[in-house]
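Naming follows writing order (A, B, C and D), and every chain is counted from residue 1.
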Amino acid sequence: MAAEKSGSHEPFDMAKLRELISLMEQHGLTEIDLRQGDQRWQMRRGPTEVMQMVSPPAYSGVSLPLPGPIPASPAPTAPASAKADDGVPIKSPTVGTFYAATGPGDEPFVKVGSRVNPETVVCIIEAMKVFNQIPAEVNGTITEVLAKNGDAIEYGQPLFRVRLG
Amino acid sequence: MAAEKSGSHEPFDMAKLRELISLMEQHGLTEIDLRQGDQRWQMRRGPTEVMQMVSPPAYSGVSLPLPGPIPASPAPTAPASAKADDGVPIKSPTVGTFYAATGPGDEPFVKVGSRVNPETVVCIIEAMKVFNQIPAEVNGTITEVLAKNGDAIEYGQPLFRVRLG
Amino acid sequence: MFQRILVANRGEIALRVIRACKEMGIETVAIFSEADRGAYYLSLADEAYCIGPAAATDSYLLINRIISAAEIGNVQAIHPGYGFLSENAHFAEVCRSCDIEFIGPSHEAMQKLGDKVSAKEIARQAKVPLVPGSDGLINSESEAVAVADRIGYPVLIKATAGGGGKGMRVATDPASLQAGLKAAAVEAEKAFKNSGVYLEKYIERPRHVEVQILADHHGNAFHLWERDCSLQRRHQKLVEESPSSTLPKSVREELCKAAVRLVKAADYTNAGTVEFIVDQDDNYYFIEVNARIQVEHPVSELVTGIDLVQSQIRVSAGEKLPFKQSEIPCRGAAIEVRINAEDPAQGFRGSPGTITQLRLPGGPGVRFDSHVYQGYTIGPNYDSLIGKLIVHRPTREAAIACLQRALDEFMVEGIKTTIPLLRKISRLEAFRNGQVDTTFIERVLLPTMTQPEREHDR
Amino acid sequence: MFQRILVANRGEIALRVIRACKEMGIETVAIFSEADRGAYYLSLADEAYCIGPAAATDSYLLINRIISAAEIGNVQAIHPGYGFLSENAHFAEVCRSCDIEFIGPSHEAMQKLGDKVSAKEIARQAKVPLVPGSDGLINSESEAVAVADRIGYPVLIKATAGGGGKGMRVATDPASLQAGLKAAAVEAEKAFKNSGVYLEKYIERPRHVEVQILADHHGNAFHLWERDCSLQRRHQKLVEESPSSTLPKSVREELCKAAVRLVKAADYTNAGTVEFIVDQDDNYYFIEVNARIQVEHPVSELVTGIDLVQSQIRVSAGEKLPFKQSEIPCRGAAIEVRINAEDPAQGFRGSPGTITQLRLPGGPGVRFDSHVYQGYTIGPNYDSLIGKLIVHRPTREAAIACLQRALDEFMVEGIKTTIPLLRKISRLEAFRNGQVDTTFIERVLLPTMTQPEREHDR
């Protein structure tokens, strides 16, 4: 707004703001709300508790001491891989059954160390009797195979890891 | 207003803010809300969300847009007195009806400015046809009378304020 | 009986099906979109598979993904819930062609009753009353006048290709009929390139009354009495109850029998709902069949004591319904209200967000069906239903009192809901006296709400 | 009818009474201690007064404070709930002397039935079976043998001044009887300076069966069938159900009629419970009367469809009960489990703290009575009951299935509860077959729980 520019009070003194923000972090403040005349400075910081409420722990039911069978939900996407940073995942574009090779006894499409380009078929996901060939979609080297023959695969589940390049 | 005069309308005195923020941390304050004239400084620290969950706002039901009669719970102890720091409260030791004097037309036991000692009777609380004389229990001067003749009084409700001495 | 069922839905109805299965000792496979990952109800299923991103067209509506999940989940049957694929005859057919039972009617019955023209033809044969009107298109003014004379004014002129109210006219006498015919034909030609119009009796301020049906594969078709769902906004039901508070006993019984005749005529099985409109003289007219479980099924469960979702599963597994018509009671009065994450003050705009505080009603007479909890985030992707509050008491008066106190106890913070509106409705004289119709909310209630609200207007 | 009632209690039963009043259009005045300030249920009352500090002896048990609150709140009646002052005849008398109706029996009836000796005398006159035994003290060995021959072994030797099991002996034959008499007399003399002993038939592994009673001031006294509360730990009930799953129909009916005879003989009015123990041959023996509403009243409400708390209020206001005995059904099966903030793994030690996460069960067949919510803090001052989960289904088998799935849905974080124990109980063969008695939990179940738990032991 034009009015804001007018005169000696230059909107928002960045030096002060910078200082306030660093004070907030330093002293663990979550909120500042300053008003004077037509000015209002309001700042909020990292409400970690709200975050917990926003996304309740996935499958928290699993932690219940159920006497019955424990719901065996498949693990959500990211596997607890020690090599989590060793490349990008190739994720399943559909839900179905994983096959590493064309048939039993055949060589797998790819192994750790295989070079792939975007068109390289890395596996088959069977869905409704249809065998979907899954392309790598990236250039690189397979660093990890995350699924086994016959595994039930859900949408978005990582199947391989690829070091790009 | 005094505040308006100060300075060239410079928004927000950083020295004061800095001091307040460090005082908050030092003394474990979670919130500061200062108002004067058109000024308002409000600051929050720490896990406010968890705090809300631990002690949900008293009578939060009152804020519901109930179409029916709104629950008219009596206000919890501390009244929103402007002179909140002007002395200590004399609290009701029981539940009952407040009387400032022995009978209608009589002089009240105490008024603002009355000197009291621990034995001074300050009012009567009637409970089950019994008229309980309430002693001040402190030495000092009455600065505020917080109840009216015939008021329903609950346990712990402040009846008077006394500046000690 | 099935050992394992896939629940092809989300939210409260997915939880409802999981609950039914758990009580029957059947394992469940849930599916979910990325938007629903981590929802608590998924942890109650025995398995859960992500089938796609948030958009329903890329997940809950993708037949091949759901069938794939059913295959890897190794289920014998799929429960479709309501909405999504529940009335998709093709989906039902695909399921069965994959040797997976679709928990619902045969796709043939679904198609027959899903098509309005064929449904009306079946109704006619089964002597179920239809809204009186012309036999097909109107060819001349004189024909129109003759039809109107026969069925009585007011009449509704409708475009045969119509939709959305276009090409519709109400006529109250021969003069307005003649004028209306021309105008409607022109409008219809313009909108649909088809000027064909027909006549129907115009039902003023109708009530919406529907009959719950259950039919098995052994020739049994029963009604579970009726539900009155007249309180609607833009055809979205807000309040549903059983029994109807206004229909005379003889009409209720007739209506329920008509519904049974209709589903028998269509060889319909499983649960279904036959919808009628009822005029101010308690004449009822068949409208359509909903070939699935409905949102408001709990009110029928409460008055009859019959678990509808369990019954659906038993019927699909080939079991015989274990009762006779005369053994289905209608006890007390049940009322359901829909708690939606919507802001009635802002034109019922959806109100997504996180529930920061939640106090649920409870105690005697209260049932609550919901997948949400304090900390749950309502996303913008799906419908706004966050729960159904259902009360059941010996009398309608007591049920309304229970509804009022339950709504007063109900506190949701962080999002806007229909709760304040429902509180208001529960205290309206017109509602308490049963004097409402499908136009009531928009015609009477909402206009009063644009004014600043009076306080304490019970 | 009363316009305004004071609720002289706290927690779930205070909320239960407030709910009943709201549905009846009666205003409520709540009282609370400083420990309960800010509890959500207080905001549902029309007024709420703090009456003292946390200790019950300085607040909920202080008669004069409660009467003062009733006076400033201008109420016509006081509902005492259960516990606290609910069975205090003096409190009932004070209320009425202040022209405030005490919602419960007359203090005379309360005194008559509150005293065990006079209650037994009334039972004898009303031909209600008592545990067989000697008529008063035993004077000689030969008399003891004669009594034991008459009532049959095993017999229990009890000190007349006794308590806490001291001076008690079980005898299975004349020899052990003679030895036991001497030992018991010596022990009793030592413990109570009174060597008097008497004989009673020893009931092995008894079941606890109680009958819900409602009586008005117009000469009507009805039973609302029985509840089986055999699953107890140290006389604390954990699971209650109606009807009893083991009693033959003829015995149930006899037992219920006996309970009605007893309360009629005592001129008892309002709600009450007549407690019996039942032996393995289905013989039943009167134990005592609880002259108040009970924690487990909801199971009777569910099978009969009668609101007990509303009925209490109506009876106190002088209304006639609006039904006959033959019109009180016992439909389906209802089971209540008590959710306590206790840690069964630590000897059921109380587990105060804040509920950080809460997922409540819901859906068909589920009722939940509770004053707690996510964020509520359970203090150390009062009992550990945080909620009652009650299920109602057409059959006991279905009710147990519903109970299992509801307990599986139920998640409480931040405190320890009895939920895991209740899950275990709900899946026990002995419970499902009705083969439990008042000693079962301590005799059979708890010993298995000291061992590391086997997984998946459904």
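The definition used in the following text is that a contact is a pair of C-beta atoms (placed from the backbone, for glycine too) under 8 Å apart; a residue touches a chain by one contact, two chains touch by 3 or more.
Keep in mind that what you see is a predicted model, and the values were worked out from it rather than measured.
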Least hop count linking chain A to chain B through chains in contact: 1
Greatest separation from chain C - chain, by CA centre: B
Between chain B and chain D, centroid-to-centroid distance (C-alpha), Å: 43
Mean-CA-position distance for chain D and chain A (Å): 53
Residue numbers of chain D (touch at least two other chains): 40, 44, 357, 373-375, 404, 408, 411
Numbers and ranges of chain B residues touching at least 2 other chains: 53, 56, 60-61, 69
Interface residues, chain A side, partner chain B - complex: 8-9, 13, 16, 19-20, 23-24, 27-37, 39, 41, 47-50, 53
Of chain D, residues touching chain C in the complex: 15-16, 19-20, 22-25, 40, 44, 298, 301, 305, 307, 331-332, 357-360, 362-370, 373-375, 394, 398, 401-402, 404-405, 408-409, 411
Residue numbers on chain B that touch chain A, as the complex places them: 8-9, 11-12, 14, 17-18, 21-22, 24-25, 38-50, 53
Chain C-facing residues of chain A, complex: 50, 52-62, 69, 71-74, 76-77, 94-97, 127-128, 130, 152-157
Chain A contact footprint on chain C (complex, rising order): 31, 34, 37-38, 40, 42-53, 59, 64-65, 67-69, 71-73, 98, 354, 356, 373-377
